[in-house]
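Structures given as structure tokens follow.
The same subunit A turns up in both complexes below, where it pairs with subunit B and then with subunit C.
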Partner chain A sequence: MHRYSFILTRPLQFLPVVFGVSLITFILVRLIPGDPARVLLGARATPTAIANIRAQYGLDEPLWLQYFYFLRNLLHGEMGTSIVYKIDVLRLIATRIEPTLALVVASVVLSILIAVPLAALAARHQGRPIDHVIRIVSTFGIGFPPFWLGLMLIILLAVTVPIFPVSGYGDTLFQKLAHLFLPALTIALSLSTVLLRSLRAAMVDWLKSDVATAARARGVPESVVFWRHVLPNSIAPSINLLAVNIGWLIGGTVVIESIFALPGMGQLLVRAIFSRDYMVVQGVAMVFACATVMVNFLADIATVAADPRVKL
Partner chain B sequence: MSGAAATRRLSPTLLVGLGILGLFALAALAAPVIAPYDPIYQEATARLQPPSFAHPFGTDNFGRDILSRIIFGARVDLQMAAIGVFFPFVIGTFIGALAGFFGGLVDAVLMRLIDIILAFPFLVLMLSIIAILGPGLSSFYIAMALVGWVSYARLIRAQILVLKTADYAVAAVSLGFSKPRVLFRHLLPNAVAGSVVFCMSDAVLVLLSGAAISYLGLGVQPPTAEWGIMVAEGQAFLSQAWWITLFPGLSIVVLAFGFSLIGDALGEMMGVHE
Partner chain C sequence: MSATPAPDPLLSVRDLTVTVRGEAGERTLIDGVSLDLAKGEILGLVGESGSGKSLLCRALVRLLPSRALAIAGGSVRLAGRELTTASTAEMEAVRGGAIGMIFQNPSSHLDPVMRVGDQISEGVIFHRKLDRVAARAEAVAIMEQVGFTDPARQYSNYPHEFSGGMRQRAMIAVALACDPDILIADEPTTALDVTIQAQILRLLMELRERRGLSIILITHDLGVVAQTCDRIAVMRQGGVVETGAKRQILTSPQHPYTRALIASHPSMPVDYEASEVDDQASQADQAQPFAPAPTPPLAPRPLVEIDDLQVRYPVGGGVFTRRRFFSALAGVSLQIMPGETVGIVGESGSGKSTLARAMLGLSPISDGHVTFDGDSLRLTPAATLARMRREAAMVFQDPFNSLNPRFTIGETLAEVLRVHGKVAPSAIPARVEELLRLVELDPALAVRRPRQLSGGQCQRAGIARALAVDPRLIVADECVAALDVTIQAQIVDLFRRLVATMDLTLVFIAHDLAIVRHLCQRVVVMHHGRIVEEGPCAEVFARPREAYTAALIAAIPDIDPDRRLLMPPASVLSS
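Then we have the complex of A and B:
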């Protein structure tokens, strides 16, 4: 079999996962106590008005039929209408994807920028004080609650020294980047600690490998040994780790977006859960879950591409 | 390193980690004795006081002593970490052992279920379950048990798959020992080391999740002293009274650091790598 043939077969394994996700999402959302029609219309709604709304959104149908409609619409690329915002769920999500996607990408880029140099520094000075300092700092970093770290960064970089905006998103590219910096840094500081440990361990192994020894024997300077041989080989095992953590990260955006008032999908989800906006909760959970599956798939492809010996 | 050598010389990492955990456990147990004030007593004349000799970590907007609230909060947060790890560990170990040992249809179904649960962003699933059960600590524990077992199940299953082909396992089966006896008396004790190490990094995740859930207002309810809630309560006073937010967060960081150190040390002792 060709190395990349899993790209064709793997999506077939996604089908049961996506189906399971849709079923669990549907059941969870229906189990949340509270009637969306009542939430929408308020306490003084008449029974007729409530019945009308329930009929309009298909909430008066039997559950299995509601699920069938949900699946059928999903196949047509429809996720229903938001009860609160009164617009199509997909269009609502589309307006919220950009801040979340930008936040995730910015966090990943920042955490790589933090993790790679520090891992290299630690690995090249293995067992020396700088290595220990980096290890202790990164062990500390793992336990930073993102919501607290975000607030501390606000105190440091937005209140005490007003460099960055505290909340919101902005309109121009520059404004958006400025608004993204603190939330992305918050996530990156947590994420980079995990990456750092795995990268350092891989680099330490590769610095001792025959490849590196052979290169040194040929008279290749140490910095070239590192950039040409050690770094590329060390990255492969961290790709999957990064993918697993992006799943965490997507969930983490829920909290971070609340703190920094970023108008993304996480914020949308929290509000939808509290306002019993079934269709939106379903839609966002499905998008999140599919994104997680996709990221893992892309990571598998990247791992195979980065290391010719890996077969999936 | 052999077991005997490991116990003879405890690594400094382990000692520091155990020391931190012990300190917090002591604070939790002896909270009423060592806390200088009642954690929910509101001293009207001492609102938003910065750290001083009378209030080393300052007071909050209700005039409550932050240090005392942190000491009492240790009870809640340690309990959260312990219970939040225990049930997933037990459930996941049991399910993973069965899946790995018996294989076949049970294994296939369980693995697909794990794939589905892992496809959900963790916090999204937690939030939905807590929204169903209503806010509170018990909802958090149930949600944690429903979601957290998958990591343990995967770890144990992978170990059992390797171990069940080992000579001693084959010998036990050929001696006519019953399947449960082979699984629970022979395989499981050898498979569990990796999970015990993982418990420590899981304790960090559980602690952070529990605090995050409380921070979002879905966990422990006020006026109970809990570190996540305290961070949330300080948020409105961030620019005028940073100490309300700083110290409870630092407590989380230090306790998590303790768990991580213990996990690292255990991993090294048992030769387990994550």
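Then we have the complex of A and C:
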């Protein structure tokens, strides 16, 4: 069997996962107290008007039948119509997905750019002052909550020294990147610390490993020992750690998007919850869940690529 | 091949001292070692683990394993050039370029995520400044020299795709790629099967002939030394206790430690008088010579009866593909009589350990029967397993990892006694002490944890744990493989005494045929999950019927240098 053949078979295992997610989100959304029709029409709505809205969106049907419709629509690639925005949920999500996706990618790239060089520096100077400094600073990164860190970055880099925009999202690519930098940095500062610690620990081990000794014994210079032997071997265990954290990050964008007023899916989700917009909450939750599954799938592919011994 | 060092040695070590800085001040690890290595000479460096053999060789190329270690004095001269004061750049040129190293464990020393060929050409690029294409061609040529059958294709394979023997060949290719004058081989065959060991040793000697290579061969096996080396240096506690020509050391050793080492070698006739090592952990050294256990009268019913036993493991396959199976045991039938001592030998992967585990109900049986004293594991699994746990015990290969590191030895033994309830709780301490005496351990050691004991002491504790259930059957799976040769001899003696004095049936699994020949009455030879030959030890070793058994026996390096290491025919090994 080819090492990469799981790429073809694995997606079949996603089906039960997606089914489970759809069931859980459907039930949980309906456990939130409150009625979308009442939220939509306000406190002084007549019972008839409320009943009309409920009938219009199928909310008066029994729960199992609602779920059945939800599933049936899902199979047709539809997620229903937003009660608040009055448009198709999928189209609504499509307009909001770009900022969120860009934010996640930018944060991950940024945290790798921060973590790898610092981990390398710390590992190669293990036990020396620079190692201690990097480790202490990275402890702060774990300690500070992202919402606080985000506000501090806004004060520092957007208000006091106005280099970056305070909030919002732009139209041109340059504007977008400028607007993404601070939120991405906020996430990267916490994400990179986790990555840094795991990478540094792996690098320290591999620097002491037989592989490194054998490379030195054949006259390979120390820097080449590091970049050609220690680094490639240290990456594999961090891939899954990164994947788990990206999964957490996808949900975490809710907070960051609110702070920086990014018009992404996180923001959409928060508003949908407040207005009991069931269809939108379900749709966004489904997209988040599928994205998490995809990230783990990509991590598996990356692991197989990084370590020729791994078979999935 | 001269017996005396050449007047102008290639490598000359004088009073080399290595110290370690610790909390308790400085300790000397290598204590004023002086050695000479002539061109084309093979020097055997012999000693037990912890004697400083490996450290000495690391010190030669200044690759000390920790920053706390330092060369405190002495000189290392390579062709007249001082290495202890050379710059880092100069040392990088020496490492690989002048002195190549191969290591005991090729699996851990080869980079798992880099193609084998790239690791070979890596050194070529640095030392000979060749470009990638030329380095690749050079690497392929070297791979062919060390016995790769299809080097152009195998260049692109990863280490895990090779067998242990091929990995060691790759390691040798890495070391040879930069055309060094000296090869330091640190236990190059210890992790390998005897037949593969014979091939690798043969390869090293061929390379010496062809390239005029000087080799420092580190080993704990005097048989290996006797078969390959010109001179021997015996190391102990960081110092060289004796140096000399091979024959001189082997026939008339001067130092008592050398004599003990030679006496412990399992291919020699058992001779206990020479075991005068002063600081060994126990009294086993002053042991009286023991007659081989008398053959017990044939009991009507075998204690263990194995009938057409098959164990298969699923390999690969998944939800959508057909499952494939690997047959670890492909139909094994064996009877073990009460009181018998049976040795099971074979190369790694032959199914020895699987058989041992299946015999005690520790691995699932795919087909066939295991009967313990009349109870079938197949028909009445629960009852038979319960009996087995009470009447049979196992001793494991790794003495440290098979003991709970958080338990003291006394607690480990007490736990067994408590679980089985054969001894009243109040009598447990006394029984623990009795067990420790039985395995010749000082009862005062009962309060120690495994980490505070030596490997030999741990293995004795492991045996005591097995004896705690008062078993009728003990299965020992490679239980001396991880131990030094003098300790090995002590443990084998202990087993011999236990079998002689107690009513014990012993199944002793080993890849080392010499040990089995000394301990067991009957031997079972396994190959590819099948029994290829079985019979009384003396007979099988003297007149093997099967070509495979003969090849296995011929591959044991004998301590007598005149009994040449025979190269088993390749057809037998690849079968």
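Heads up, the rule we're going with is that the second predicted complex is superposed on the first by the 307 of 312 C-alpha atoms of A that agree within 3 Å, B and C clash if a C-alpha of one lies under 4 Å from a C-alpha of the other, contacts with A are read in each partner's own complex, and residues count from 1 in each chain.
The criterion applied here is as follows: contacts are C-beta pairs under 8 Å (C-beta built on N, C-alpha and C of every residue); 3 or more make two chains touch, one makes a residue touch a chain.
As the structure is a computational prediction, the values presented were derived from the model and not from experiment.
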Worksheet entry | Clash or fit, subunit B versus subunit C on superposed subunit A | fit
Discussion item. Going by the contact rule set out at the top, does A:Ala217 touch subunit B (first), subunit C (second), both, or neither?
Written reply: second
Discussion item. By residue count, which of the two partners contacts subunit A more extensively, subunit B or subunit C?
Written reply: B
Discussion item. Per the contact definition in the header, classify A:Thr9: touching subunit B only (first), subunit C only (second), both, or neither.
Written reply: second
Discussion item. For A:Ala306 in the superposed arrangement: first (subunit B), second (subunit C), both or neither?
Written reply: second
Discussion item. I'd like to know which partner A:Phe288 touches here: subunit B for first, subunit C for second, both or neither.
Written reply: first
Discussion item. For A:Asn233, using the defined touch cut-off, is the partner it touches subunit B, subunit C, both, or neither? Pick first, second, both or neither.
Written reply: second
Discussion item. Under the stated touch criterion, which partner chain does A:Ser209 make contact with: subunit B (first), subunit C (second), both, or neither?
Written reply: second
Worksheet item: For the overlay built on chain A, what is the smallest gap between any CA atom of subunit B and any CA atom of subunit C, in Å?
Response: 5
Worksheet, complete the sentence: Seen from subunit A, its contact residues with subunit B in the complex are 13, 16-18, 20-21, 24-25, 28-29, 31-33, 139-140, 142-149, 151-152, 154-155, 159, 247-248, 250-252, 254-255, 258, 269-270, 273-274, 281, 284-285, 288-289, 292-293
Worksheet item: Inside the complex, what are the residues of subunit B that reach subunit A?
Response: 112-113, 115-116, 118-125, 127-129, 131-132, 134, 201, 204, 207-208, 211-212, 215-216, 228, 231-232, 234-235, 238-239, 242, 245-246, 248-249, 252-257, 259-261, 264
Worksheet item: Given the complex with subunit C, which residues does subunit A contribute to the contact?
Response: 1, 9, 12, 208-211, 213-221, 224, 228-229, 232-233, 236, 306-309, 311
Worksheet, complete the sentence: Within the complex, subunit A is touched by subunit C residues 61, 63, 65, 92-97, 100-101, 103, 105, 108-114, 122-123, 126-127, 158, 160, 171, 174-175, 177-178, 316-321
